Structure formats: structure tokens, C-alpha cells
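Letters A, B and C name the chains as they come in the text, with residue numbers starting at 1 for each one.
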Amino acid sequence: MWAFTLRRLLYAVPVLLGVSMLVFALIHLAPGDVVDILVPPEVPKEIADGLRRRFRLDEPIYLQYLAWLSRLMVGDFGISFFTGRPVAEELFGALGNTLIIALPAALLGFSLGIVLGALAAYSRDSWLDKVFSATAIIGVSLPHYWVGIVLVAIFSVVLNMLPAQGMGFEGVPTSWTEIEHLILPVITLSLIPMGVTSRLVRANMLEILSQEFVGTLHAKGLAKRRVLYHTLKNAAPSALALMGLQFGYLLGGSILVETVFNWPGSGGLMNLAIFRRDVPVLSATILVLAAIFVVINILVDVLQALIDPRMRR
Amino acid sequence: MNEGGPGGVEARDAVSAPILAVENLTKHFPVKGGLFRRSNAVVQAVDDVSFLVRKGETLGIVGESGCGKSTTARLLMHLIASDRGHIRFAGRLVGAAHGLSRRNLHRQMQMVFQDSYASLNPRLPVAMSIAFGPFVHGLAKSQAQQRAMQLLQAVGLDPLLFANRYPHELSGGQRQRINIARALALEPRIVILDEAVSALDKSVEAQVLNLLADLKAEFDLTYIFISHDLNVVRYISDRVMVMYLGKVVEIGPVNQIYRNPQHPYTQALLTAMPSMDPRRRTLRAPLSGDPPNPISPPSGCRFRTRCPFAEKVCEAVPPQLLAGAQAAAVACHMRFPGSGHSRAANTVSH
Amino acid sequence: MAEAATLSVDASLVLKRAQQGKSYWRRVWERLLDDKLTLAVTAMLMLLLIMVLFAPWFTVHDPYTGSVLRRLKPVGTLGHWLGTDEVGRDLWSRMVYGGRMSLLAGVVPVFLALLIGGFLGILAGYAGGLLNSAIMRLTDVLYAFPSILLAIAITGILGSGLKNTILALTISFIPPIIRISESVAAQTRHLDFVEAARASGARPLTIMRYHILNNVLGPILVYATSLISICIILAAGLSFLGLGVTPPSAEWGLMLNNLRQALWVSPLVAALPGVMIFITSMCFNLMSDGLRQAMDVRL
């Protein structure tokens, strides 16, 4: 088991390096460079070149990459082109804001998803199952950012019950009015995890229920509830894997929902950075989000291997 | 003198020269494990196997599961690379610069597999499966199809009924005929049959065996027939080779081996065959225990852990495959005086 | 042999006269024809495609000219049955013309990813060893990004526009396709008929073409159609963020973004472009499901 974990961790290192190289390559493929953005085009060439030397842009590319990488390792994510403040501050604050909607969304999506999926599996082929299947397909085909817009249209514009945009508070919500800001974004974010989880749970449970050992369990005289418990235990690993991945997608893909609701999370930060051509902020955010995703993947793999010994390749 | 070597029994017989000479074939598979998936153990699937195949004969290969028969077949076909050893086809060394290339070997030697269904691409009509080989070796598509039709006829299937069918629409026996046709499409000299009839019903098996006999005569073929079914091997083979845990333990003319087996393992195998004769009942299980692990085979003679005659010398010295009585060879210390085995003095069979 | 004389007749003639077997694909096709839902959905997609390609035939107004006077007319207005957008352009025309961009950005990346990813995956699955490791490790690096993040990274840094959008989405979808085709190819590689093909002396590329490809095609096709539905949503999402198609082009996601301010004035109109995204995506999803069920043929 420990050999597996260690192997998995070691393996993540080249992947992370590859990710950093990819982001760095993208930055360098971008049209124009730092200096073009900082100074107006009328500035004489010598001054621009001097600036370039100062920023070490004339050095060979692998040296620039190594310098960039070493700065990253100590937590120096650079300075924002736009605000002049260190990127790290803004980034981690924004990440926190994203977590405030991502965590509840994940919980909501997974729990509802598991319940719905299990229900559907249990009552297979009944009308309930058919309704479920229809809902699942619809859920997966809906653009979630559009659902956000529709929810705003209904609950903010027409009914005027909930705020349409913005976070409305700093840090953690304390009052109901502050929580009101959370409701619509969380619901919108939870849709995709709910849809995907319910589909998987239903499929897994169906497959396991049809396997022979369940018949054996029934024959042993186990009560239905105990059989259910055994079934869940078998379905757990792949469900866990999926949920981990979904959470990663939530973190990395929250940009669309955050744009709809003007939520100042990591997605919103990326949005601003794109708009302002603020490359340091954008690249740092992408890098951090990807790194978090890699870490989540490792955790999921290890957890899976813990539960299901067959997974320890 | 080693039966498999150049100065052996076979070389004197110039009329049926060896069409295939296998020398010291060895294949060990690494077993992965540990932190870095390094191989810290090997499965000795085939170990220092040597034998000859004479032109026009049928050589049967028998042994329990895991003895290395199928691996040997795949090594002969060069589907997997051997660790050591050579193969000579009609005197030419396979793989060497001036010898026979792998590609050309495939034109001389073909194989029929056990699973008739898995041997055919489910997405292709069977005629295309048959025509694939010739097509790949340069024949034009129409000519390749022509040959496929002829072969369908040769194996007893009407082309008008079967050419465009798909494997799932045919029975096991029909599929195996297709596989045989496919093997013959490249006009090989040798056909290896790896448990080719084992999965068929008995009646179908008989038909296919008869077909194989007819084809052998018609196309002047040489067969290597691998099976665990001792009755079938006796029926179809001229000579038989017995393998145990990756090694050859006995080889010789089929009737001689069956009537007068020299190796304790062969004796046990033959005793284990249920007999139709009520006077020859098996009273005691001839072999005890499970076959040992091919990853760490016993030292010396690999059979010694199950052999009722095992002695100290069997543990220390691996027996060589040596020519014994009448064109047969056996690898057992008991049969050769001077080996150190207490029974080695009398070589009289029982 | 004696029979050779009768068979000197052209073999292809015999093949034509020979009794036809039912190939796997034919059985899939027959099952599909029985599946009413999938047929209906496919018909709808065909209709959409025709409307989008022959847009001038189906629309009255020019999608690019607007009039400030006619801003944000609600649904059901005379002459603009779906209303107008924030600069007075007819919404129906914008939606039909917008379909061109949206469908293009939704289908082309998947198609390209199929070609590139499919080839790489089959290569990796068949070759094994070092080549397999190299390709799969590269895939893992790309897999480290949630798909939308990768697309945003590429378009955000390199710039917006249709070309970059297609590039970004193609790269995002190559890893999952490689994974699937590699997995199937690796499994198929060990089947006896592939060994038999190797035993007949065929070269690796030939074997991949004749024996591996037609077995990989099934699972990949199902996956690809479900990918298209995701791609449409993502492409529209990118335009929604301002990273995809640029104004004044019509595109469903872009329209959604532009109409956001109109949410307070005319909520129905503002939500309308999303309906198209939803319907198209759902059709592809249903088609994918139907395809999967039809392919589940027990041979």
C-alpha cells in the first residue's frame, strides 16, 4: 500500500513539471511580451530593450523557465500587470471565495446525486426510473451557465427573491442576507456533479445488484438493508473517483458560473485577467488550479486503492 | 548422444531430413513487483528445449497446463522473442543475416489456435480473413480472394454459402475449418496445431482430425500437434514429445512411447488415461501433489518432487535428454548407468 | 486440385453471388432503425443542419443590421417572432446564423480530436513499451487540466477567435480519446486473430488498419458523439466568456453574454439562445445513447 502511494506521489512530479512547462510555453507563445504591455509603443527601441534586459527577457528560454519555476517554488507568483500587487495575495483570496460556493455545491450535488441514483437503481424500469433517465439526460445537456441565467431571470428579475449578482460579504457568510447571495450560484454549480454522480451511481448499483454474490447475500438471509450496505461498499471506489474528479472540475471550471453571478472567485479573477491581458495573474491561476487538480487525483487514487485492494496495481 | 544434436539419430536418416531443428530454446518471463515494478523473479516457461521435426511427419507435443507447450509454439512462430536458442528451417538459421528472415519463415510455417472464435476478426467476412495472409505478402486482392475460395473448398465448405459469412454465424467446427484454411493460405510446409481440436465436440473433433489427415496428404504437410488429450495425440502423431515444466522429458515414436514409457512422468500420464478395459483399473492416483511453481522450479530434475523414485542425485544434477532405446530419448537418471541413481543399473522397462 | 477448374471463374463474381452474411455494423444499423427516439433525434439534427446551412432561405432579416429603435422587442412582436436583441437585430436570424458558428465550433474539434487522438491511441495500444509510455505520459500532462481550464488557458493566452477556439477544444478532447482508443487497442492486440495476423507476417501498420481499427471504431464513435454535446456547450461557454467567436459574429454563447444586460428588461429574450444550445446538445446526447444501445449487440 505504501509502495503504491509513494509511486503515485513520485509520478505526480513529472506531471506537474509538464504542466508548468505547458503554461510557460503558452505564455511565451502569446503575442507580445511584458514590455509591450508596460510601455507605450512610441517609446524608443533602446529603452524598450533595456527594460527587456532588466526583466531578463533576452536570456535563453530554458533559463527563463528555470528562473520562473524557482520563483514559483518559493511562492513568488509574480506581480500583477494591472494592480501592481503580488499575484499570490489576490489569488488565494479568490480561491477562498470559490471554495465558499464549490464546497456546498459539491456536497449538494453528490448527496442528491447518490440518493437519486440509488433510488433509480432500486426501482429499475419503473416509471420513476424512466423519469430519472430523462432528467439525467436533460441535466447533462444543459449548459450550466445558462441555467444560472435562467435562475436569475426567475428568482431575481421576476420574483425578486434573491440577489442576482455579487458576493455581498467578505470571508464566511454570517447572516441570512449574506447566505442569500450563495443560494443561486451553489445550485447552479451543483447541477453537473449531481447529474454525473446520479448516472454513475445508478449504473454501478445496477451492475452490482445483478452480480451473483448479491444473490448469495440474499440467500444467506441478510436483510435488504445489509445487502444495500454491501452493494454500496462495492460501488464506492469508482463513485469516489468520480466525485473527486468532479470536485476538481468544480474548482477549475467555476469560471462560467462565477461570470454569470459576478462572483469574485478564482474564475472571476481569471476573467478579469483575460480582459486586462494580465498574464502573470492568469498563468498563476491556471497553474495553481491545475496543481490542485493533480493533488485531488492523487488523493482519489490512494483512497480508491485503500478501499479496493484490486486497484493497487 | 543427444537426439536433438547434429550427430544424433535423425541425421543418419537422410530420406526424412529434419525440416525443423530447434536448439536450446529458452524463454523466461519476468514477474513484476515491488516499488519500481522491477522483475525480481522469472517464470521459466521454456528452458533449453531442443528437438527435431522430420519432413512429412506429425510430431505430437503433450504435457499438463503450464508445461510450456503453447509458449514453445509461439516461440517457433516467432510471435514472441526467445531469450536463447536457435531455430533452423530446412537447415537455414532463422533470423540470421544469410538465413531465413522472420517474414519468410511465416510463409513456411503457420499456426492454428485453440479458440476458433477469437482467432477470427469478428468484423471481417471469413473469406477476407483467409485472404489476408496472401494479400499481405503481395498477392493482388482478386488473386488472394481466388485462393481463399479454393481453400474454402479444400476444407469442405462451399464458397457460395460461406465466403461472405461472419464468424458469429458459424459453428465451432466450421470456424476451425476456416482457421485451417487461413493457415494454409500462405502454402506453408509446417502447420502447428495448438490445441486446435480441444474445444470442439467429440464428433466434430473427429471430422476435423480426418480433414487434417486428408490435407496433410494432399498438400504434403508436416504437423506439430500440441494437445493435452493423449488419445488424440496417439491417433494422429508419428512421434510424440512429452514436456514438463518447461523441459522435454521424453521424445520418440508414438507407439513406443505409449507402450513402453521410460520417464516416470510419462508413465504417470499414461496411467492416468481412463481405460475402457475393466481389468486395467487405476487403483491409485499416479501423481501426487500439484505441479510446482514455474517461477521457482525444483533444482536438478524438475519432476523430482512428484517422482516416486527421486533420489539425492535427482536434486543435484539436472538430467540430460539422451538417446535411449530405439530412436527414443529420455531425460531421467534412472535410465542411464553411471548417473548415480540406484536404479540406473537395470534399464529394463516395466 | 480438380475443383480449381470450376473456380477459375473470377473470384469476385463468386463473392457477389455468395450468400451475404450479416456484419456487425449491419446489425447495429438494423437496431438503430428500430430505435424510434434516436431516429427522431437524428432527423431533428438533420433539420437543424439544413436550416443552418441554408440560413438565408429560413430567415427574413439580416442578422447583422440592427436598429436602435427596435431594441429588445419581446417575443411575439410582429415581424420578429422571437424578438430582437440589444442592438435591434432580429433574434431568430441571429440564432439561425449563429448555428453555423456554434455547430462548427462544436463538431470540428471532436472530429479533429478523433483523427489525431484515435491514431495516437491505436499506435500506443498496439505498440506497447516505450512508445506507449511516451504517448500516455503526454496524455497525463494534458489530463492534469480540467477540460475547460485547458481551453481557457489556450484561448485566454493566445487570443480569441474561431481558429483558437477550435484549436483549444481539439487539444482538450485529444486526451480522453487517446485513452479510450489505447485501451481498446491494447485489449484487441492480445486477441488470437491479431496474433494470427502477426503470424502471417503482416507489418504493424497493416494490422492496425485491417484488424485493430474496425474494432476500435465502435466504442470511439459512441464516445465521440457524446463529446460533441459537451463540445457545443464548451464552445458556447468560451464565447460567453469572450474567448471564442468575436462580435459582430452571431454565435449562441456570444449572444447569451451580450443579452445579459437585457435580463432585467426582457428576460425571455435574454434566455432564448441558451435554449438552442440545450436542444442541440441534448440531441447529440440522445443520439450517443442510442448508438451505444444499438452497438451493444451480443455476438
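Here is the rule we use: a contact is a pair of C-beta atoms (placed from the backbone, for glycine too) under 8 Å apart; a residue touches a chain by one contact, two chains touch by 3 or more.
All figures in this text were calculated on a predicted structure; none of them were measured in a lab.
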Most widely separated chain from chain C, with each centre as the mean of CA atoms: B
Chain closest to the assembly centre - both centres taken as Cα means: C
Between chain C and chain A, distance of the C-alpha-averaged centres to the nearest whole Å: 24
Where chain A and chain B are represented by their mean Cα positions, the distance between them in whole Å: 57
Gap in Å, rounded to a whole number, between the CA centres of chain C and chain B: 50
Chain C residues touching chain B - in the complex, by the definition given at the top: 1, 3-4, 7, 10-12, 14-15, 17-25, 191-193, 195-203, 206, 210-211, 214-215, 299
Parts of chain A lying in touch with chain C, wherever the complex brings them together: 14-16, 18-19, 22-23, 26-27, 29-31, 137-138, 140-143, 145-146, 149-150, 152-154, 157-158, 164, 248-249, 251-253, 255-256, 259-260, 270-271, 273-275, 279, 282-283, 286, 289-290, 293-294, 297
Of chain C, residues touching chain A in the complex: 137-138, 140-142, 144-149, 152-154, 156-159, 229, 233, 236-237, 240-243, 256, 260, 263-264, 267-268, 270-271, 274, 277-278, 281-282, 284-286, 289
List of chain B residues in touch with chain C within their complex: 74, 77, 79, 102-103, 106-107, 110-111, 113, 115, 118-125, 127, 129, 132-133, 136-137, 142-143, 145-146, 148-150, 153-154, 159-166, 168-169, 179, 182, 185-186, 218
